[in-house]
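Two complexes come next, and they have one chain in common, chain A, joined by chain B in the first and chain C in the second.
So, the complex of A and B:
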């Protein structure tokens, strides 16, 4: 299984999913024209990953902005990660000090998802 | 079931649940009482999950809308500031141009008056006196300011008209 990597653009986030270390990163903006088309390859990659995950998976999310359909795709990503059993998984949700919206969004996800989401404030 | 537009494919899982439930309802005789209960439990579980997601999406969506509204208000305010600054700059530039024109006119009038009008005024001074001559020159000098203002307004109106067209 190969790593999953996509470079950041003005409308799509950087996606870096390293299968050997279990370190995942999503950063930037997520406002694709068609969210499902953009995230579908990642869903498929995750479907494979959850079958044989790393002993520890760390997922860092450093999003500046995302649209509503991207938030649904985020739920889908988290639902896939919820399937990981017998392995440690943690989601780190990063938000700027003055970005209350992103902080509250992270808290909303924390309430819904059955994986520990750790909030990290980035000081300006 | 009709093919969903691409943007709704994000609800593929939910569509699948709905499709399955409809199939089950279409042939109720195929299921035992226990199977019905299991189906109902599964549906209730899916509904609870979907409700949680709808709450999250609504909350995120409202927050994004607020963020956009704030950004729009900020842009409108910056636009207003920019317009005001541009107007001030235009006024400043036109004022400078009007002053330059008036200075050139003043220099021109000075040369003309020294070479042509002054000798004749010297003759008139014999009639009106030296003070009459000074009053006349001061009047001409004072008149330069209103001329500058009129000229500035004229240039400003021309600039606005040019901007509108």
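So, the complex of A and C:
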């Protein structure tokens, strides 16, 4: 299978999902009007990936903004990654020092998701 | 509360932007881009700026989701929306309005009243339940928008329905966000 890559736009994040290294990145903004339409190809890619994942998958999330429909899609992404068995997976959630809302969002996901989410503060 | 009267009482120097007219995806996108630039000019605290922008995105996308619905049903000729963002000394105010079908009023009213009746802790619980229930509407609405708006504003949502005809009313929503940031719910 091929890597999944999309450049960042003013409303959608950069998506870089490398199937050979297991390094995943989502960065920028996620505020599309129709989040499902945007994320559907990634959902399908992940459905394939979890069948034969890398020994270690590292998912870095560095978002500046996201809307509520994107937060639902993030849950959908995490639910797929929860299916990975017999392989390591970690999610790194990055937030800026004074961005309490982004910090809290990461903590909310930690409560919901059965994958380790490591919080990383970016100092200003 | 008479939101439309409230709308008119802002001093022009308090108004960051206002719009009244028909809407389209492009227009609403441009509004968001312009507002983001304006906010970065006037709001020094990035945490406040981000919170206000987050609420703006939800409010504007609520209008968009609703707009698309009525438009596709070709229910009326005129699709007027209005939108205002203002800043006084202590608060940001966001007011948004759009036309809705009268039969939608009871559900929308009870939803906002429910959100307003919840404590911050309970609001968070409902948010978390809605986030994890796996239900997504076809247009991407997640049922989370109003909850998120209430959480981020830390206060009650003001709203009103102004009757236009036996089929339609004008729905206005007003959100107040303190310029000095309280903790999120």
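Keep in mind that, in the parts below, the second predicted complex is superposed on the first by the 124 of 124 C-alpha atoms of A that agree within 3 Å, B and C clash if a C-alpha of one lies under 4 Å from a C-alpha of the other, contacts with A are read in each partner's own complex, and residues count from 1 in each chain.
Keep this in mind: contacts are C-beta pairs under 8 Å (C-beta built on N, C-alpha and C of every residue); 3 or more make two chains touch, one makes a residue touch a chain.
Everything numeric here is computed off the predicted structure, so don't read it as measured data.
The superposition on chain A brings chain B into a clash with chain C. Of the two partner chains placed around the shared chain by superposition, chain C is the only one that A:10 touches, whereas chain B remains out of contact. By the touch criterion stated above, A:19 is placed in contact with neither chain B nor chain C. Applying the stated contact rule after C-alpha superposition, one finds that A:112 touches each of chain B and chain C. Look at A:96: by the touch rule set out above, it reaches chain C but stays clear of chain B.
When chain A is checked against chain B and against chain C, the one touching more of its residues turns out to be C.
When the two complexes are overlaid on their common chain A, residue A:61 makes contact with neither chain B nor chain C. Stretch 6-14 is the one among 6-14, 24-32, 114-122 or 132-140 where chain B clashes with chain C after the superposition on chain A. Counting contacts as defined above, chain A residues 34-37, 65, 67-69, 71-73, 75-76, 101, 104, 108, 111-112 meet chain B in one complex and chain C in the other. If you check the complex, the residues on chain A that touch chain C are 10-11, 31-37, 64-65, 67-69, 71-73, 75-76, 79, 96, 98-102, 104, 108, 111-112. Contacts from chain A toward chain B in the complex involve residues 34-37, 65-69, 71-73, 75-76, 101, 104-105, 108-109, 111-112. Within the complex formed with chain A, the chain C residues making contact are 25, 29, 32-33, 45-47, 50-51, 53-54, 57-58, 61, 64-65, 127-128, 131-132, 134, 136, 138-142, 144-145, 147-148, 152, 181, 183-184. Only residues 6-7, 9-13, 52-53, 55-57, 59-61, 63-64, 66-67 of chain B touch chain A when the two sit together in their complex.
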